[in-house]
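In the two complexes that follow, subunit A is the common piece, with subunit B as its partner first and subunit C second.
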Partner chain A sequence: MTRWMLPAFLAVGVLVTLLLIVGPALYAVSLSFFDLPSLTSDPVWVGLAKYQAVLASAEFWRALWNGIVYAGLAIVLQVVLGIGFALILHQPFRGRALVRGLAFLPYLLPTVIAVLTFKWMVDGSLGIVTILMDEWGLPPIYWFETEQAAMISVILVSVWLWTPFVTTTFLAGLQTVPTQLYEAARVDGAGPIRRFFHITLPVLRPILTVIILLRGVWMFNKFDVIWLTTGGGPVGATEHLPILSYRTAFTLYDIGTGAAIATISFLFLSLAVFLYFRVFPMEDDA
Partner chain B sequence: MTPAIRRPAARVGLYFAAFAIALYSAFPIYWMVSSSLRPTQELLLNPSLIPSELTLQYYYSLLAQTDYPRQFLNSLIVAVATVALTMVLSVMIAYGVTRQRIRGKKAIIAGMLYAYMFPPLLLAIPLYAMFTKVGLNDTLFSLVISHLTMTMPLGVWFLWGFFKAMPFELEEAAMVDGCTRLGAFLRVVLPLSVPGLVTVAIFAFLLSWTDYTFALVMIGSDVNKTVPLGLASMIGAFDLRWGDVMAGSTLIALPLFIAFILLSRYFVQGLTAGAVKG
Partner chain C sequence: MKDTGKNSGQSRLITRRQTLQGAGVLGLGLALSGLAAPAVRAQGRKEIRFLNCETGKDTLAFFDRIAKEYQEKTGIEVRVDSVPLGEAFTKITNGIRSGTPYDVANVGFIGHVLLLADQGQIVPLNELTDPYEWGNNILFPMDGKVYWYPFDYNLSVIYYRKDLYEKLGLSLPDTWDQFVSNCQATIEGRRKGCIFPIGSNGATNWMSVAFMWAEGVKLFDDQWNVTLDAEGMKSKAAAYLDFMEKLYPTMPPGAIQADYATVLSNVVGGTVAHGPYAGRVLEAAERDNPQVAENLGIMPYMDSAGKNKAVSHGYDGWVVLKTDNTGPAMEFMRWMTTDRLVDFLHTAPVHFQPARLDIYDNDQWRSNPLITKYADQIEVMRKMVTDDEMLVTSIDTQGPAPDIRPGKVFEGFVMPEMLQDKLIKGMSSTEAVEKAAARMRELIK
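Showing the complex of A and B:
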């Protein structure tokens, strides 16, 4: 028992990983080389034809661009807001624990609920946001009907949901910055803005890099917020690669092309993870 | 510690900013909860910021007239099973990787981070195909297995850091004293790992409980829907009953809020120590 316990643990791990993650991922990639109208029909080998068709379609490039705009803006806003929140919540004040707790809450909500609550708040006639804007004499916003507004809506929901992640990690990071650095800078006459840019930011750069790299790509692959908020509309204005892939596979019944699109976005992810390990090599005592 | 800001103007600014953060973060949640408790007239005609009277009518109609109780039970079954399997598997793998002398350990751990970043859709489609072939499609079991693809890599990644930091001497001492390796593991390592285990359990629960994407692909029939899927299908319904929807949303958020109040330390710890997704 003693001798076999660790190898047995590892064997179970390798087996489960192969069965649940590696196998399905390879299977998904392999589907992209076949013509397959449904999962029960016989696959027909088409080689790289699906990729050629995908790369030649305007829809793909629009979805790629939409994904870059969505993930880019969402991650930048999360980082800026999250850092701002963390800097404020790092200051001592009465009720700080409560505000820190409240600032974490959105992270706990299922995406569905955040989207539903947003839709309820901006509902065209009954929503509180609509009513307040009307009272203040502001023109109504058609949150899901115009292209820019729809993109803003999906970004708003995403930023609201995931800012707490940046706030919390940055706040934990702030507590590790040596206070002597600040004292020395203050003695040297550096104001709060210079202290932030010359001490806080450089010390916390590794955290920021991880957030921008890994979560940026994660946003790029995030399916549910956009699917539930706009479904990719209006007329494809918020359709990014995951939605295009899902729609192609399940509503146009072209699983091969759907898989090809998924594989392409998977390549971007792989590149980001590769970069991550270049920037943060694993220690040797693993 | 950061010295407190003392100038009065700056203090006012600080409190104002803190208030703005609280409002931004909590108002939508307040609005969800308060909408679920308003009488219909007020909900639809005159939504004042503070409800004039509270009623549980939407909760009654939600629980008595819809599939919500069934969906809630489904969500609970899936989440609990996912947590249990995640704990067993990730403890075994992480412990094996940190204590066994083998080549390629780094590759296993790096692979776990990689797997953890996999987009749900990439795995959902082939998993669905595989479950269809063996006749297990549209079952809660298939959903548990698909949730494991997110939670197990997270668990291994997190516990690896935890076990790695725990000195080998502890188990060695126990084994010198006559414990078997399994005994040392169960009596020494696991009890010392409780904080790490709690964190993994929380995040596994959170990922499973809030999942929509896997459920969308895996589950077709109404009896097997989880709450996120059930609530989402209410959006498309012809008469959108906002009161019911907000009551359903509040009920599914409630366990998470309670867990957060009781265990916030573990949430923060898990988030800062390696949860890059979710």
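Showing the complex of A and C:
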């Protein structure tokens, strides 16, 4: 039984992966070599023309840059704040269990609810933030009115939503660090900052590496937050590659170009992950 | 006698291993037959698949009701799937591609109708549309054939507060300057003069561009050349941007991201004195803020000189797809558009402004309490679609004939970005118009 059951289960896994992941991905890549206004049109072979057009377009490079800025700033803030919260929540204090639970709450919210709530809170007429600012005699905040403000707004929403992931993962890691290490360092006269940089960070480096990798990939491919918050505007200031790809394929009737953008985005991300592992290898060489 | 495991394994006709193997083979067979199912289902089924995009509570209940009624009447099941309008085209084409096409589908974009007609995926509906008289610019025939059954206009008009006009002694504006002046005059405390969306979204395309149509701007000539920056047209488009620059300070913060819901809540909530939308405003105000509802008037978009008026249409309609079930689907459509259309329109009585002109004189339709109550506003709306002086147009219906090119300009958010270039980036009006024209050429090439 065991002799053939193992390959059988493996085969099912491979089959599902091929059908649901590899197959559609290859199909999407194949679409990038065709001119195709809709999924029901007759495809016309154009070779690499779509890739040439994409790489020559200013929109693509703007979207790539926007994606790097969005993902980069969001990750830095999520990691810094997440670690900070994790360190606080690692300390013993009354009601810690409750605070830990609450800290995880934003991560449990569906993105659409979080984004719509944010938009309603900052609505220029009816939002509670606007009304409070007005009552306190402060000028209104223009959350989306400039290109920079819009980018900051989508980053803020992303940080609020996904910092708890960093907090929780790092907190779990903190609980595995042997207390003897801290006690020895304390005896040697190391303060909290030195203990953090010389014990906590080195010990938790593998966890941090994975956190940054996961958050980086997720943020670079994150579609829903930007789509729901700004739709990529104003004037393309928050449009990154996933949104550009979607808009090109499904609203501008150019599925081939949309697929080419998605393929380039995939290759770019693969290269970034490869370089990341070269710089921060998972194995501890020391 | 008590069995040992070994003995029982030998004596049973089917072993546990064989049972598991059999179940596996059966499961695989079922899975494979499931994969082949779409093609099988596409042949010779009786069920009518209907894709609906009107997702209001009452409209969904209506479809639920008539599906049951039609099945009782004819024995044919009608399965209604409901999705937001933005997902309709993808859903339709995915259905065709996967071998499970919808028989009837709701579309809200004439470019999609054209694409499907070009590919031979939908059938002409002249037999359903020809018996009736229709409002202006709504059937979009292609070579004499009508490929959709429009059920509403969804005109974007400007709502204004009659009570504020009366209190401040304002008169209805005929020119852009008067409109700006009225918007400025109605600002008080937290209430702003108006809201017109300027973000990269459908709301801006629909609600904020009609001032430009009234001014006489046309995006294409008869040969599909882009005319936005042509001589005589560029100055009009630039004047529109200058006007919007004056209007912008009378809006609340957030106009850049305002969507349908934002505009609706601002007008209904009374936080702006003017705002665009279709009949949904009156229905929402009646429900949530009756005091505002009593005081809402309607006017068209005006030009700079007080000569022309325009409204922006956002039409919706149904298409019948070419499937092996087209005959029954046409029969269902005939029944629904003859016997149940008024019931359907009553599910959003003011918002679903009829495209068929006979409906306006239909006693059953007029008997609806909201239609009776807002008879004056509805009469204004009716004139908007019958008066030849009134421009009824939109970005996606620009040009000499229905075509995908203006659809690309719509979906490429060229006009919203032209507004943003002017209002956010501080670009000169002329430069913003030239940039928009260049973008149009890039999109349609």
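By our rule, the second predicted complex is superposed on the first by the 264 of 286 C-alpha atoms of A that agree within 3 Å, B and C clash if a C-alpha of one lies under 4 Å from a C-alpha of the other, contacts with A are read in each partner's own complex, and residues count from 1 in each chain.
Methods note: a contact is a pair of C-beta atoms (placed from the backbone, for glycine too) under 8 Å apart; a residue touches a chain by one contact, two chains touch by 3 or more.
A quick note: this is a predicted structure, and the numbers were derived from the prediction, not measured.
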Subunit B and subunit C placed together on subunit A: clash or fit? clash
Q.
Under the stated touch criterion, which partner chain does A:Thr40 make contact with: subunit B (first), subunit C (second), both, or neither?
A. both
**Message:** Output check: A:Gly82 vs subunit B and subunit C. Expected answer is one of first, second, both, neither. What do you get?
**Reply:** neither
(message) Looking at A:Ala262 after the superposition, I want to know if it touches subunit B, subunit C, both of them or none. Which is it: first, second, both, neither?
(response) first
Partner touching more residues of subunit A, subunit B vs subunit C, is chain B
- Message: A:Leu126 in the overlay: touching subunit B, subunit C, both, or neither? Say first, second, both or neither.
- Response: both
Counting only touches as set out at the top, which of subunit B and subunit C does A:Pro110 meet: first, second, both, neither? first
Discussion item. Tell me the contact category for A:Gly216 with respect to subunit B and subunit C: first, second, both or neither.
Written reply: neither
| said: Per the contact definition in the header, classify A:Gly67: touching subunit B only (first), subunit C only (second), both, or neither. | reply: neither
Among 26-34, 98-106 or 314-322, subunit B is struck only by the subunit C stretch 98-106
Overlap of subunit B and subunit C contacts on subunit A, residues 1, 39-40, 119, 123, 126, 131
Within the complex, subunit B is touched by subunit A residues 1-2, 5-7, 9-10, 12-14, 16-17, 20-25, 27-28, 31, 39-40, 85, 88-93, 95-96, 98-99, 101-114, 116-121, 123, 126, 128, 131, 160, 164-165, 168-169, 172-173, 179, 182, 210, 214-215, 217-218, 221, 223-224, 227-228, 242, 245-246, 249, 255, 258-259, 262-263, 265-266, 269-270, 272-273, 276-277, 282, 285-286
Note: in the complex, subunit C contacts subunit A through residues 17, 24, 89-90, 93-94, 96-97, 115-116, 119, 121, 190, 192, 195, 199-201, 252-257, 262, 265-266, 269, 271-272, 404, 407-408, 411-413, 416-417, 420-421, 424-425, 443
Counting only contacts in the complex, subunit A reaches subunit C at residues 1, 8, 37-41, 119, 122-127, 130-131, 134, 140-147, 150, 229-236, 247, 250-253
Given the complex, residues on subunit B that touch subunit A span 1-2, 4-5, 11, 14-15, 17-18, 21-22, 24-26, 28-29, 31-32, 35, 43-44, 47, 89, 92-93, 95-97, 99-100, 102, 105-106, 108-115, 117-123, 125-130, 132, 145, 148-149, 152-153, 156, 164, 180-182, 185, 206, 209-213, 216, 227-229, 231-232, 235, 242, 245-246, 249, 252-253, 256-257, 260-261, 264, 267-268, 271-272, 275-278
